[in-house]
Amino acid sequence: MNFANKIAAGAGAAGLALFAALPVWAQEAATAAAAPAAEAAPPAPFVPTAEMVDKGDVAWMLVASALVLLMSVPALALFYGGLVRAKNMLSVLMQVLTIVCVAALVWFSWGYSMAFTSTGTPFPSLFGGLDKAFLAGVDPTTLAATFSNGVYLPEYVFVIFQMTFACITPALIVGAFAERVKFTPLIIFTVLWLTFAYFPIAHMVWYWAGPDFLHAAPTDMGLLWGWGALDFAGGTVVHINAGIAGLVGCLVIGPRLGYNTEPMPPHNLVMTMIGASLLWIGWFGFNAGSGLEANAFGALAFINTFVATAAAGAAWAIIEQIVHKKPSLLGAVSGVVAGLVAITPAAGFAHPGTAIILGAVASLVCFFFVTTVKKKLKYDDSLDVFGIHAVGGIVGAIGTGFVANPAWGGQGWIDYTAPVAKAGEFDLAGQVMTQIWAVGTTVVWTGIVSAVLFLALKYTIGLRPSKDVEQEGLDLAEHGERAYNM
Amino acid sequence: MNFANKIAAGAGAAGLALFAALPVWAQEAATAAAAPAAEAAPPAPFVPTAEMVDKGDVAWMLVASALVLLMSVPALALFYGGLVRAKNMLSVLMQVLTIVCVAALVWFSWGYSMAFTSTGTPFPSLFGGLDKAFLAGVDPTTLAATFSNGVYLPEYVFVIFQMTFACITPALIVGAFAERVKFTPLIIFTVLWLTFAYFPIAHMVWYWAGPDFLHAAPTDMGLLWGWGALDFAGGTVVHINAGIAGLVGCLVIGPRLGYNTEPMPPHNLVMTMIGASLLWIGWFGFNAGSGLEANAFGALAFINTFVATAAAGAAWAIIEQIVHKKPSLLGAVSGVVAGLVAITPAAGFAHPGTAIILGAVASLVCFFFVTTVKKKLKYDDSLDVFGIHAVGGIVGAIGTGFVANPAWGGQGWIDYTAPVAKAGEFDLAGQVMTQIWAVGTTVVWTGIVSAVLFLALKYTIGLRPSKDVEQEGLDLAEHGERAYNM
Amino acid sequence: MNFANKIAAGAGAAGLALFAALPVWAQEAATAAAAPAAEAAPPAPFVPTAEMVDKGDVAWMLVASALVLLMSVPALALFYGGLVRAKNMLSVLMQVLTIVCVAALVWFSWGYSMAFTSTGTPFPSLFGGLDKAFLAGVDPTTLAATFSNGVYLPEYVFVIFQMTFACITPALIVGAFAERVKFTPLIIFTVLWLTFAYFPIAHMVWYWAGPDFLHAAPTDMGLLWGWGALDFAGGTVVHINAGIAGLVGCLVIGPRLGYNTEPMPPHNLVMTMIGASLLWIGWFGFNAGSGLEANAFGALAFINTFVATAAAGAAWAIIEQIVHKKPSLLGAVSGVVAGLVAITPAAGFAHPGTAIILGAVASLVCFFFVTTVKKKLKYDDSLDVFGIHAVGGIVGAIGTGFVANPAWGGQGWIDYTAPVAKAGEFDLAGQVMTQIWAVGTTVVWTGIVSAVLFLALKYTIGLRPSKDVEQEGLDLAEHGERAYNM
Amino acid sequence: MKLILAIIKPFKLDEVREALTGLGIAGMTVTEVKGFGRQKGQTEIYRGAEYATNMVPKVKIELVCDDSLAPRVVETLQQSAGTGSIGDGKIFVLDVGQAVRIRTGETGEAAL
Amino acid sequence: MKLILAIIKPFKLDEVREALTGLGIAGMTVTEVKGFGRQKGQTEIYRGAEYATNMVPKVKIELVCDDSLAPRVVETLQQSAGTGSIGDGKIFVLDVGQAVRIRTGETGEAAL
Amino acid sequence: MKLILAIIKPFKLDEVREALTGLGIAGMTVTEVKGFGRQKGQTEIYRGAEYATNMVPKVKIELVCDDSLAPRVVETLQQSAGTGSIGDGKIFVLDVGQAVRIRTGETGEAAL
């Protein structure tokens, strides 16, 4: 998914939007190019065929999809659930599970079409139309492009993989206002937020015509993709997007009763640890799957996801040892998640060595936000969705501009405007600026959409349960159950 | 696995058994057909070779097998375990784990041979003989057929994948009489039930000669397969089979002490949620693996398993919101499991749109059985094995007849009687009737076998522990441990 | 990974080191051999190309790597954590997680180079140099050999897969002295032990030039590999290695306060059961991944990992039924782990039938060590790292010599000294002697290294927390948290 | 007023509560406890380590009632909690000096 | 000396503890309990099986103080634990014959 | 009869039980509680949020014995539960009006 590209927009390509991503499918592409079909393609339209599908890719992408779903249920649910008080445990599990179910149905209904088509819409660079709503036109014979010329996936595979991303992103948000939100408004928010924030941003960052088609349709792409913003596996689309929405949500909803006066220690850190571990495992599907092929670049994304995370987990434990004299498990798993978030946009671009640095830096920055900034600014981001996902995502997204630098072992970017993709020339300062612009665009877009939605819900059906309900716990009051009857 | 097929039994094919399954491997088959070998095959016997194995298929099937084992341990064990009282937690975990171990050994010893051979037996359409007992004749060079002409798997892969199904099916049963069964008789039951119920039904539904061999041996198939019954991944073989056995078991054993007078709330819904989530993840292996290849049809089964489940989870939450004013987590996960059960037989046949309808309908029907019918009829199916697996399985099995309809986006059935498989003509009413017959046959067969086995055990070594043991809890009394020493 | 091989060291190959492993890639090799390139290779140096990579293998190996990481976090952490008292739960989780993070960084930094190169070192048969430190020279275009001529993996894939082994092995050790070790010294120990015990032993057992290169460089291999010791997936490198280190550690540190006078029952067997189940699932990646290809030999390793474990789990339950009259869940999961350990070195060599015997025997021997020998000798191996990993590993390593016997359905060994690998002649007694020598070498090497390291730490910064800290529990005292705040 | 403190078998709790409600008792407080007495716990064996758990899970009921009701409470408790087998538990009666209902500040028997 | 035994709502614990500390109370012991009284528990429905849980989670405080302090402790408890709604809980006062500090062996009021 | 109520450190429980058994005590009841006293809990830091947990895990023993045995029980308890460091706990003694064994209906000291 989501490699940037250079676009010669007519003759003089203007602005900072001239950069782009991943280098080296050139090799494979070269093979494909040897086929006369590919060379003759520009005049006669290119038609991918079933032979361009490799079962190894299909096997890997199906597994990767299952891994990403694993990240939501049970991993994220447990990670979050363990951090709340026992009386709200089930509410968190239920919110995550229901969001996953609803997001899958919305994705099927109009999400895929809005994110990954560019027809039937007034603003094809912002979001797609409804031509593939309810998966119209998708069947076992249709194909989806990868990042290599002449390599395709069954379209269902691509729909599934992307569906798992649409499921986890809104689920990430709930951590910011856990323990104090009503269930039904939250589900309504999910549907609207997916429609007005997630699908457009996914479209802007990830949509493009594909390597065999782009040179014939050089403007058929999302806005940020066109700028050349690099986001390998969703640093902007998933983490900044969700992290900002969470911050807005916790500000609109307000802090928990007793926040900063009562102790609210995590009720079960074992669940949090299980969750973090399974997040790590699942994230291999998230990141290494985002290359869409079972090849050496997937392996690069995989090893970066491994070592950046290890560095981030260790870094948080070390800083705690220094500051508090005791390294805590919650600290280590917070570092693990911060590292995973930060490496997400960079996974396919970095060298393992720079990935380690990126992970460690992100971990320390998140530590600072979670322990110091939050305390200073007194917002109640219950489970640090902003402090870890938005902050870690921003560090990662901007850091991607650095670590992609081929001079430091990075993979640079690929120029897909040629019939056969080839490596582009890397401009460090320019790339970093593009990354910052992409981050800014995402923050503004999701910030506005989230604020409008949360405020609208707050002043209509209400977002927050009554004081009594909050004190009793959402499990009993909202769901009529308790988690433990030991 | 397990697509039905049309059999021209001699000249005039009689009865309702004339229908069959999956359409479109035709494409791949066409490629194979181009090879002169395939065309010359009818006279000279066809010999599959190692080149017909694709490593992508092997990779996917090994993963799918691991995913199905994950469904048993820990997923099913946790799903069930969380629902019992704390004093019986370990007994459930131990029952599931031991059944898995024993079933694997039985599968190796005589199960594979009984289910997937048709030689050395007086009734080759009901069960196989012992020619491959102890995996005699299976080695790394032997191959197993898929549903595509000219595509093979190492036989060990097929043995493994099917083994995981034999492991989970008897484990499903224990939920029906959890908290009140003796351990040793249960294990004896498992061995006998596998032998007399599971292996024959698996044989009847799934055994056939394979696409390259069937036209030369047009009667070499299981009874229900021959009828044209469609069961993609085991709606009849696994879920109805286990669900009915569970119902019979709970009737023979009788209700728990204090049933309907004492509260018996689930002791740890967090474990149940983890279990349900991992069941969902594992079920992708179960369903998408049942196509035996890493291709677009596997992906179709995967997406159906995804969206039908999402719809079913949401449907149960919504009906609870309507009926009880509170959507519960236990409700949502019950819906998730009901949806997974229902889509199992239909996973490779339905369009995602009809899969959603099937999932939602099954969820509502199961809700009705679990909350109303069970209360009325007063049987104590502790964890709703009948109410979810048998009922959901029946809805799914019959529903498969509808959703397979090509007119509604379904995949129809494949005619394997031709040397190269091709799509068959779909008869909606006839297919639904066939499905009903297949369900009925399964219900009767497993009902009788289960009743005989349970009654025989009840009146010999006994099935039920003493009152004291039941009151103290099976953990301490039967296993000498307690789950939690906090 | 890690098949032994026969080396014609000059003319008269001396000593007992003349045996070796896996048979039948011959088939695939034969295909490769048909290419003139392979035949011409000895004079002109063989150069593997990107076309020798199969995406099916890549898909499988990436998944296998994720599965092995799953074995550490959360599986091993939970398996161990459930067995300690609640007050030490987090300390175990934290130790395992931190060890994984640190080991990954060490592997990146110098581990891979020390284990899998033979240049830049004074003793190329004992350990490698630093030529690939910080993964210098590894990039998406470099390749790693498999066990088949002409079949390669992207080198990153091999680096990742092996990294997961380096992560879990030191984590296994902590179980032996759980509940009574200081955190920082443990992490220092991990770094040193990896460097001086794990990397050398991995090198000695698994390093070799590869099938296309060995005949041109017939001494380019690790010491034990050269002897012909068979260790499919790490019986010596992982389990004996860790098990002996654990024993040494628990002897140096001494028993827990209150050992044998206070009851110390497992605080949460549910976590232990989840851990054991996920270990089993992950172990498929560990064992079946060790063949490095998605083929029938991977499937053989998979099925052996399945049935040997099932037999071992059942065997422990049965012996408990006989001895204590009650089969316990802790017993069954202990058997499961013992079986997994024992089949590890034999997974790719045994027939499923002999695998079952090996699993059952190992389970009974471990039962004897854990329940009788430990009581007699009064060492406090808290979680039976020695009793299960070392003992089970030794049974498995020696048993491998038997079950590999082609006369009993085993796979024998492969002679890689020929340009195209071919089956070697099997000498049962000789092979068993080689296995014993390999075990002995491992025990001595790791025993000495571990003793030196533990004693050095004990008498410098100290290994053991104060009495007060131990009584209060490590969670609060060392990490400042408690696991449960219900 | 009297504080009646009863240790009973856990699975008897519902029966006991119903019996006491029948007497007109409006409230009580229940705690999970572990009992040590004539009834011995099971021997549990964890991987060969034997624990003779002398501790048996019990439920403790604390209930304050006025003096006149106390004898009937004790009697009802004894009947409803009894199974006739070892480990049925004990009832202890203590004097209570004062009772206050937090919500209203009522004291004495009105607080119960 | 008096043993003051109070059953309160769990989320009031911190407030109560602070109020009592303000009085100079140096120690107390807290237990999680389940209460049965006028306040009814929620009806929980698990897959159609209804449980009217009469049991509500409460916290029990046990606190021994000297006789003179007791009235103020009771008063403070009542004020800090009260919300004015049903289920606020009870305070009971019992006589204590003797107190011993285990660490030092001090007895009587010096032990508190 | 006396009710002896002791709050002790959890890891001392086994020692205490053995010492009391040595005295001939046939039964007691044990509860996990949280103590608040001179001994302060650890400061726990969860992602930067500090919780000074004043609550320390303790074990409460309740034990009824006849009046004559009470002093020796208290003494034994004090010795076996003591470590000499802060937080060792307290022993309180209360009067018990009556005791009943549920199983047999025996009352008074015969019930113990």
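Chains: A, B, C, D, E and F, in written order; residue numbering restarts at 1 for each.
The rule is simple: a contact is a pair of C-beta atoms (placed from the backbone, for glycine too) under 8 Å apart; a residue touches a chain by one contact, two chains touch by 3 or more.
All values reported here derive from a predicted model rather than from experimental measurement.
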item: Third chains touching both chain F and chain C; value: A, D
item: Given chain A and chain C, the chains that contact each of them; value: B, F
item: More contacts between chains, B-D or C-D; value: C-D
item: Chain centre separation (chain A, chain E; CA means) in Å; value: 49
item: Computed distance of Cα centres, chain C from chain B, in Å; value: 35
item: Whole-Å separation of chain centres (CA-atom averages), chain D against chain F; value: 18
item: Set of chain E residues in contact with two or more other chains; value: 31, 44-46, 94-95
item: In chain A, residues with contacts to at least two other chains; value: 54-57, 59-60, 63, 263, 265-266, 268, 274, 324, 326, 328, 330, 480-482, 484
item: Full enumeration of touching chain pairs; value: A-B, A-C, A-E, A-F, B-C, B-D, B-E, C-D, C-F, D-E, D-F, E-F
item: Residue numbers on chain E that touch chain D, as the complex places them; value: 2, 5-8, 31-38, 54-55, 58, 60, 74, 77-78, 81-95
item: Parts of chain D lying in touch with chain E, wherever the complex brings them together; value: 1, 3, 17, 26-31, 62, 64, 94-103, 105, 111-112
item: In the complex, chain D residues that touch chain C; value: 44-49, 51, 53
item: Residues of chain F touching chain C in the complex; value: 11, 14, 42-46
item: Complex interface listing, chain B residues touching chain E; value: 263-266, 324, 326, 328, 330-331, 334, 370-372, 374-375, 384
